[in-house]
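All chains are identified by letter, namely A, B, C and D, in their written order; residue positions are counted from 1 within each chain.
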Amino acid sequence: MEQTAFSVRTDLALESVENQEVTDDSGVGVEEEEYGDIKVTWVQVRDKRGAQSMGKPVGSYITIESEAMKEHDVETHEKIADILSKQLEKLAKLKPDAAVLVVGLGNWNVTPDALGPKVVSKILVTRHLSGEMPTELMGRVRSVSAISPGVMGLTGIETGEIIKGVVERVKPDLVIAIDALAARRTKRINATVQLSDTGINPGAGVGNNRMKLNAQSLGVPTVVVGIPTVVDAATLVNDTMDSMLNAMVEQAPRGTEFFSMLKSLAGEEKYHLISEILNPYTGNMFVTPKEVDAVIERLSGIIANGINIALHPGVTSDDMNRFMAI
Amino acid sequence: MEQTAFSVRTDLALESVENQEVTDDSGVGVEEEEYGDIKVTWVQVRDKRGAQSMGKPVGSYITIESEAMKEHDVETHEKIADILSKQLEKLAKLKPDAAVLVVGLGNWNVTPDALGPKVVSKILVTRHLSGEMPTELMGRVRSVSAISPGVMGLTGIETGEIIKGVVERVKPDLVIAIDALAARRTKRINATVQLSDTGINPGAGVGNNRMKLNAQSLGVPTVVVGIPTVVDAATLVNDTMDSMLNAMVEQAPRGTEFFSMLKSLAGEEKYHLISEILNPYTGNMFVTPKEVDAVIERLSGIIANGINIALHPGVTSDDMNRFMAI
Amino acid sequence: MEQTAFSVRTDLALESVENQEVTDDSGVGVEEEEYGDIKVTWVQVRDKRGAQSMGKPVGSYITIESEAMKEHDVETHEKIADILSKQLEKLAKLKPDAAVLVVGLGNWNVTPDALGPKVVSKILVTRHLSGEMPTELMGRVRSVSAISPGVMGLTGIETGEIIKGVVERVKPDLVIAIDALAARRTKRINATVQLSDTGINPGAGVGNNRMKLNAQSLGVPTVVVGIPTVVDAATLVNDTMDSMLNAMVEQAPRGTEFFSMLKSLAGEEKYHLISEILNPYTGNMFVTPKEVDAVIERLSGIIANGINIALHPGVTSDDMNRFMAI
Amino acid sequence: MEQTAFSVRTDLALESVENQEVTDDSGVGVEEEEYGDIKVTWVQVRDKRGAQSMGKPVGSYITIESEAMKEHDVETHEKIADILSKQLEKLAKLKPDAAVLVVGLGNWNVTPDALGPKVVSKILVTRHLSGEMPTELMGRVRSVSAISPGVMGLTGIETGEIIKGVVERVKPDLVIAIDALAARRTKRINATVQLSDTGINPGAGVGNNRMKLNAQSLGVPTVVVGIPTVVDAATLVNDTMDSMLNAMVEQAPRGTEFFSMLKSLAGEEKYHLISEILNPYTGNMFVTPKEVDAVIERLSGIIANGINIALHPGVTSDDMNRFMAI
């Protein structure tokens, strides 16, 4: 089954590491913490060896998992925002006077891809207030700017180009990019936040960006915060068949033709077969929960809260409400 | 395979009839016509026998199929609207002075379920203008009213109750209800319009209504116009596995254990197994195209045009634009 | 100046009473309370005499005024929702087991007229849950249903007809209707809530309804909750000119031609003259704050909170969030 | 009255020139053409003298006026789009292989300021298709990109900075910026399109930008296309009072105190007085038509059509529909 981890597209380091053996010299480190029902996992890809086995660049990947993200559970959402803010501070090594540019990736016209723009619309931007900051906020907020550049199909411009152009003029100390991700396991949809300091790779995310967006390409440290919001149709079929086949394999008498046939159905081959069958009808199809509009609204609130708390540690949520732009 | 047709939920009579033998005494009649790339099928369920084998009430079901509905093909969309208007006139036996109430079923907050409300927002309503009709329109329009009652989760009221209440006061001669449907085959999503004179049955549609909405319950003839906008996740998996298994069966040597195992995987049993596996994660999941917002916008335009042309035969589309309410 | 109060359209009893002399036998009673910056005024129109001088039906009119409604002041908004809930309970004489229908009047496509539908979308409806109520809520909520019928231009049906039809089938003990109102004074826009038990009169509100919607027409007690969201253009001009003229009158030497000319400019005549001048260009024009979309969003939240608290006294706002429909 | 032209804010050169005497040496030239009900005016500000008297930079200002823009008059809208495309080609001296960046200025959350972003969403962008252009379009379209940077309150960044950053990377041959304008005369709201080659000046538009956006600041020729969508409240009051006073002056016996008083009320002083009176309540108030959402939708379609026709002369409107991004 080792191969499958690579063949099926996932943006989550957590899913890449699932079928890996993590040993002292595997180049990958994994640590876990639990806060009530909220699970935090740090995956460290330490070197080339780790990067190769994981299919992910060297760096840190933090995952915050909670089933409560799928429900109207305001209290747990506040806890998640709090944990997110702490992990973000740690991962980004936020300095007190750092100027930050928040970038919302994705297409605002496609609900499950609209996470980034929705988060940006809830960020407390302050960069333009320097001279005219409300006195209550003076010295308690960082200089924050925010932009949702739109996807290439809407602008005709590589998203990376727009961001690079803005970074060159705004000259932030840190870029935080928000994106909707693709997961491999249906259960992780809308129940996981991933933070990483390795940027965004070509082809990642829901919207299939071609750009590479990272510290090297932008010239400033870049943290990506993402939530898997969809599973592609082929992955769903594959997952379900795996579960079915596993159940059957357990019951099949070893050594029979039946058993070996079942075993032969597993693996990458099957996934490609499924993709091929689905392709004419579902090339462009996604699996999402029915109430996706409401879910994206809620998740964008959790992420925006977490970022606002991290960037403006001296500002209460009441203040936030008061000074938010329209 | 006969059983599958019933076990997997479909709102399309066309799909119910697919695996049926249609003979002289089957109680079901099927006729087909083609207009270029547009295919029109009349399915008549003639008697109890037909109703039982089809799992659908006695009545007429017209399906208009065209792949062009999935694309920005304005010309073909106009043709489809035109065919829709003619089939609607025929099915509803529209009289020149008939007063019509158009009802948009579904939840406007859930994109693939918002088809009905979106169509209603594009209907040329005229009932209130009787006294003050623009002279250009006088004598060329029918009395048309329209309402989107919302789903029970939003109102706390059975949708059928609201409609019944309105029908009792407005006293139309005909109700046209618009709904998003569920299909069995992924390829039919957003590529099929169904018109029927049998009303809506409990549990039909995307939104799982409990109401029965038909001529008997409302007291006036009721035509339903629907488009399948989603496939449920279990159906998608089932369809894909069928295709895979069929391919394998063709290659498997008959008489082997392998062959009989493959055969045993087909049918209703498999579907239930899939549903069970998917349930914890995907009970509420739908498969939709990525650009579902734009698709629903476009489809609602096609249906509204078709209805407007049928109800107001003397009104050009320019007039429509001019007199549409905001 | 007495006449002006009638000639300029206002839905606020508070504004009708402003230029009245309130004496023991005037048939009008006024009481005021203040809670910090929030002012509550009860205007009682006691008899025919009062109704005639006020131009408003006999009944109670409660006004809650606070400049904080115009700003992002979450704390004060909570106080206002709380006061609103208490006044509503009192005015509606809410019984513990009363079934309530909340009706959102107005046009969801016209931002300043969308207050009613927006409030309805934030009401915790429970009527459909009787059998399957979450155990946490059992016995702590009233049976609440809600509907936004849309305006006549969208439905072709008198709004009153739709509501009457629904009331007849749902049979609530109380109707609470929400509407956007017109005020006479610009400063009251988005800074005032009015509750009344006299229903809605023809021609009231932003949307110019023709219907009469009250206890008599609906057959159940009817409370209207409204916020003035616009001032019509002629009123704005009139108000401004009054202020200018008043300033000039004070400086003008009494007895001169100038003085009498200025005096002659006051009053109803001027308003009609202004309306006439404005008519060709601004017949359909409203004065609203630039950020009207955000304002209506916020105000609808305050009103919905107040109503939710009154109707479901055992439910915390966290519960509300959890059980709200999508 | 000469002064008034400057004191009341207008973005329309047409309104600045209204009270001017246009002579051979005034530095200003005016030419008019009429196409049915559509009036086209070219105002040329030729030199410093003209710029000073007009309060507008040297350059060309084209105004297209038609009352039909306020109504659902599809046929005339097509004519206007056509005229707009021809004037744009002429003003911008469009070369066949010019790469164009379309910029939507304004705040998408504030309806009357959302014109720019709405137009951008309807522009056929092609820059990213160079390699994979549908063969039908090859050689018939220009390289077009488009961006809506958002206003400073939303991004924390000067809009001009973002655009400058994008221009530096995309390197277009021409920038076309779309903006909502402020007019002086209520009747011109939503009934006028202005094209100019002088860029946008600080403080212009509905959104009060601080930036200067023109050929000099961006380094490429810049054309601005705008529609006045609001009149500020003080302007409305001022206009109405002028009309009233003019009527009264005509009837007043010359030489009397009354007459001179009326005369004294005219002019800039009055406007300032009005602004002062209105300020506490209406500082942030705009006058818009009730149906502003629908109007902005329609107007953005007319402008986008005009630009699309000018930039992609070989593309039919059916093609447009087909290849538009979602």
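Remarks
Keep this in mind: a residue touches a chain if its C-beta (ideal position, glycine included) is under 8 Å from a C-beta of that chain, and two chains touch if they have at least 3 such contacts.
This is a predicted model, so every value here is computed, not measured.
The chains in contact with chain B as well as with chain D are A, C. Each step here moves to a touching chain, and the least such steps from chain A to chain D number 1.
Centroids built from CA atoms put chain D at 37 Å from chain C. Chain centres here are Cα means. That of chain A falls 45 Å from that of chain C. Mean C-alpha position of chain B lies 41 Å from that of chain C.
Counting partners per residue, chain B has 109-110, 291, 293-294, 326 as the residues that reach two or more other chains. Of all residues in chain B, those touching chain A in their complex are 109-113, 186-187, 189, 206, 233, 236-237, 240-241, 243-244, 256-258, 261, 273-274, 277-278, 280-282, 284-294. Residue ranges on chain B touching chain C, taken from their complex, read 107, 109-110, 121, 125-129, 143-150, 152-158, 161-162, 164-170, 325-326.
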